[in-house]
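Per-chain residue numbering starts at 1, and chain names A, B, C, D and E are given in the order in which the chains are listed.
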Amino acid sequence: MGKPSPDAAELQAQGLECIRGDRLLFCDLSFDLAAGELLAVEGANGAGKTSLLRILAGLSLPSEGSVVWRGHAIARRRAEYCAEMIYLGHQGGLKMDLSPLENLRLWLTLAGLEANDDAITHALATVGLDGYQDAPTRILSAGQRQRTALSRLLLSAAPLWILDEPFTALDTRGLTLVRQLLDRHADRGGLAVLTSHQPIEVSGPLRSLVLA
Amino acid sequence: MGKPSPDAAELQAQGLECIRGDRLLFCDLSFDLAAGELLAVEGANGAGKTSLLRILAGLSLPSEGSVVWRGHAIARRRAEYCAEMIYLGHQGGLKMDLSPLENLRLWLTLAGLEANDDAITHALATVGLDGYQDAPTRILSAGQRQRTALSRLLLSAAPLWILDEPFTALDTRGLTLVRQLLDRHADRGGLAVLTSHQPIEVSGPLRSLVLA
Amino acid sequence: MDSLVAAFLALLRRDLMLAFRHRGELANPLIFFLMIVTLYPLGVSPDVNLLRQIAPGVIWIAALLAALFSLENLFRTDFDDGSLEQLLLSPQPLPILVIAKVLAHWLVSGLPMVLLAPLLGLLLSMPATAVKVLVASLAIGTPLLSLIGAVGVALTVGLRRGGLLLTLLILPLYIPVLIFATSAVSAAAAGLPVAGQLYLLAALLALGVTLAPFAVAAALRISLS
Amino acid sequence: MDSLVAAFLALLRRDLMLAFRHRGELANPLIFFLMIVTLYPLGVSPDVNLLRQIAPGVIWIAALLAALFSLENLFRTDFDDGSLEQLLLSPQPLPILVIAKVLAHWLVSGLPMVLLAPLLGLLLSMPATAVKVLVASLAIGTPLLSLIGAVGVALTVGLRRGGLLLTLLILPLYIPVLIFATSAVSAAAAGLPVAGQLYLLAALLALGVTLAPFAVAAALRISLS
Amino acid sequence: MWTFLHKFASPKHFYRIAGKMIPWLAALTVLFMVAGLYFGLFVAPPDYQQGESYRIMFIHVPSAWMSLFVYVFMAVAAAIHLIWNIKLADVMASSSAVLGASFTFLALATGSLWGKPMWGAWWVWDARLTSELILLFLYLGYIALVAAIDDKRAAGRAGGVLILVGVVNIPIIHYSVEWWNTLHQGPTVTKFDKPSIHLSMLLPLLLMAAAFQFYFFTLVLMRARTEVLERERRSAWVEELLG
């Protein structure tokens, strides 16, 4: 892990500890992430990657330590943090009975952004869902659902992305697309924390954190 | 696709057609698979791989054509076919409130096999779930659940495997494990139809079927 | 044959185990009935005579609702986690497996009601003869509720938010059971013979046990395709 | 502020849309309610005097059970597909979003009952003055049922098979509502003043609207952690 | 005072201090119980209406009071836990639940024993009786919820929310007798301005009430101590303690 450089660091993990049941998954885990940096969380199945990402997103509480965003503990400034962060978990958070368009419209409004149908349709086309924007999500294939969830990344300007296995179920063109998205995000000074069991080939530097 | 060789072919798809909603996913799809052959079904997201596999497993009906196993249409001899086939879908079919051991025990009994606790524990250890056999499946990570589902392959002698994205959520050691399983299965004269967006590296020959 | 028996028992055992895994769950049906019955003195009137009069109907309606409430668990959870798929892929005859699941459902939701009925009858001050008939009618009627319910659930399991649709399908089928059963109990309270109604219920049950499993199996295959 | 209003409306709209997407769903709570009420003449007794006497209680208990039945949909589906997670990650204040969801639930499950009550009162031969009070009590009481129910669902949403547990948690909290409401209706039928009970209900509603959303928000965060 | 509280709230000190308090509390329980029983059974005169059967009051009333008190105690503890995130408060709340449920059950059982000679029935659907039954359900709901959640921390907080929401029922139970004219006794003791009960009956009643209080605190501390050990089993001091 890189040295702490508190001035530049936007996202800081400070002494995180996570206990699930009787098992200590990790303890005293600290890192800093500055603008433009991507962090790959690695580890075998069951190492605690998902648990860490949920803590970073503020969904669960660490048993010790805290997550700091731009100098403030996220528990204190939840609203501001949520406005600047996108979390994509194992589940897409899509309503099966609504169309991708309707799903994204709601998500944008909840995120405090303006829901512009043209922009959404465009984003869906970019991820390869041309013609599916009005179909119920239920009929989409596994990969198509994942693409719908990923199209959020195109629609928001949030500087922090937290992505749990974003490559699941994607075909090769889907993989390339997400890699490009990550590259562009880093170029613009965005931050990302992600996990993946497939190699993450991005053009910029990729830091990695290994959970044992 | 290989030439039809009806004598040796154990599994035959005869003029399958699948229509979902308004879309024709594939039509007039035929292939034969002989003992010891592995078939990779390829295609972009939404091409119809899952739909095909569910038809092969007898879970849904094709709009045209039929699936033939050892000379008999599977719809006619469901029980015999089910006894010789394992299907692993996107969902593992695991009860979250039961332990892996209990889950597998039930599955074996339902499959008409003898449920031997030692054998199950051994299989679970082989897929890397040592020590988890009595924990509720709910607490397992995504990869650990997938491993539990895959351990069925070790416990049954069914000659036909139908696997929908068996590599999902697995780490590199998990991948290797499944590849070895596939190799051994082919060596013993088993058949497998599988999908995957990751390269399937097996030592024997791998036929492939591309859905457009 | 042996392996069929083994599969039947294993499935039954699993469903019971799932129901009782959480330590508290075992007591829940008991408390559920007690609570529903408690609503009446509170909402309607604590008057003993009135309570005695409405008691059979109230207890039977509670049994009906309890069955309805717990039906969702019969196949819905299995559907969601894909284990229903695996059940359909078992080489064993599906109707038999269905019977195992329905039996488990009845043991968890119906049987406690049968066992608890005397206590509830007492709380609502029913006469002793009527209580006996009440227990008999519940013993014959509640398995029927589970069987009919299973058909409904099997038909709606593939649909999201099938809860209310399910009610719509099932309640009309429950009503004959309710009518025969409560009329038997009222007849007993009035000192009239009750064998007729109970035989009818038993005939319905025989019909249900033989036909419902096939209907459920067919409905499941359709729902999953 | 504007974006909060937009989020509130969007969430409300989505939940209503989901409820009405399946064409049949709109009519369902209504039919459920009607059916439960028809069970009584069948299961209890068709005697008009008796029915009139038990009518307020029966209608209210039906309202209560209908609320209980439909509650599962309030957060459970959102939990299963991960959209609850996304709701919690919205920068908007969670209690406000919770109000939108509860409002949608009430519009689908509670409001139809309020509108239907006069008809049911008629069916069970209630006097006209009592019907008016019944409607008023339902109008004040059913939102309360949705609010209280939301707390229970939020607490149990992370647990598999929460159905019976949910009942155990919620029914005790529903009982005060039931008591005040039915005593108001009975008082009206007896020609007594009812303002007291209705004010009390209204006070409970005010309390519920201000406090429950916070409790729900807290419970959701706990359930998902 | 504040520092003392903070010190007390740390599991380690709680374990030690509670260990010292328990024998004293147990002794007080026995003392008050013996005195209460003596005055109640031998000194207090028979009632001019009810004869001897009224003596069940010395169990019934204190346990009924305790059933309410324990709930309020749990609610306060839950509030402290949720607001200041003091874990010990949660330990207190969850250790009290079973005791509260037992007191409620005891009040119900003794009440219906008393009801048989008084009203001629074990059970009537009267407002106070019913609301006491509801209180039992509230306790059971809390216990079931906490048992159903695997993660102890989440279970404690979820239970806390439930307890706080349920507090609304407490005044309803207490005032139910005044709101509805029912069979059950109106407030006799708690009307302080003009107690409508004779001193010779009041004294044993108060003694028994005190005994029940001490009994509750003794048990709660004992349960809390085991609970603390269980929760802190990974910490250094527990490992040291258990060798």
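Here, a residue touches a chain if its C-beta (ideal position, glycine included) is under 8 Å from a C-beta of that chain, and two chains touch if they have at least 3 such contacts.
Everything numeric in this text was worked out from a predicted model, so none of it was measured.
*Asks:* Taking all residue numbers used at the chain A/chain B interface, answer same if over half belong to both copies and different if under half do.
*Replies:* same
*Asks:* Taking each chain's centre as the mean of its C-alpha atoms, which one ends up farthest from the centre of chain E?
*Replies:* Centroid comparison gives B as the farthest chain from chain E.
*Asks:* Can you identify which chains form the pair with the largest number of contacting C-beta pairs?
*Replies:* Maximum number of inter-chain contact pairs occurs for C-D.
*Asks:* Can you grab the rotation angle between chain C and chain D? Superpose on CA, round to the nearest 5°.
*Replies:* 180
*Asks:* Just grab the chain with the largest centre-to-centre distance to chain D, centres being mean Cα coordinates.
*Replies:* Of all the other chains, the one whose centre lies farthest from chain D is B.
*Asks:* Please tell me the distance, in whole Å, between the geometric centres of chain D and chain E computed from their C-alpha atoms.
*Replies:* 32
*Asks:* With chain centres taken as the means of their Cα atoms, state the distance from chain B to chain C in Å.
*Replies:* 37
*Asks:* From the mean C-alpha coordinate of chain B to that of chain E, what's the distance rounded to whole Å?
*Replies:* So the centroids are 58 Å from each other.
*Asks:* For chain E, write out the residues touching at least two other chains, lowest number first.
*Replies:* As it turns out, chain E has residues touching two or more other chains at 130, 134, 137, 140, 144, 148, 150-151.
*Asks:* I need the residues of chain B touching at least two other chains; which ones are they?
*Replies:* 90, 96-97, 138-139
*Asks:* Can you tell me which residues of chain D touch two or more of the remaining chains?
*Replies:* 18, 22, 160-161, 165, 168, 171-172, 175, 179, 225
*Asks:* Could you please specify the touching residues of chain C with respect to chain D in the complex?
*Replies:* Per the stated touch rule, the residues are 18, 22, 24-25, 28-29, 31-32, 35-36, 38-40, 42-45, 50, 53-54, 56-58, 60-61, 64-65, 69-70, 72-73, 77, 80, 159-161, 163-165, 167-168, 171-172, 175, 178-179, 182, 186.
*Asks:* Please output the residues of chain E touching chain D within their complex, sorted ascending.
*Replies:* 82, 127, 130-131, 134-135, 137-138, 140-141, 144-145, 148-149, 151, 154, 157-158, 161-162, 164-166, 168-169, 172, 180
*Asks:* Touching chain B in the complex: which residues of chain C?
*Replies:* Those in contact with chain B are residues 3, 6-7, 10-11, 14, 17-18, 21-22, 77, 81-83, 85-93, 97, 224-225.
*Asks:* Which part of chain B faces chain C closely enough to touch in the complex?
*Replies:* 57-61, 78-80, 82-83, 85, 87, 89-98, 102, 105-107, 109-113, 115
*Asks:* Show me the residue ranges of chain B that touch chain A in the complex, using the header's touch definition.
*Replies:* My answer: residues 20-21, 43-47, 49-50, 90, 128, 135, 139-144, 146-147, 165, 168-175, 197-198.
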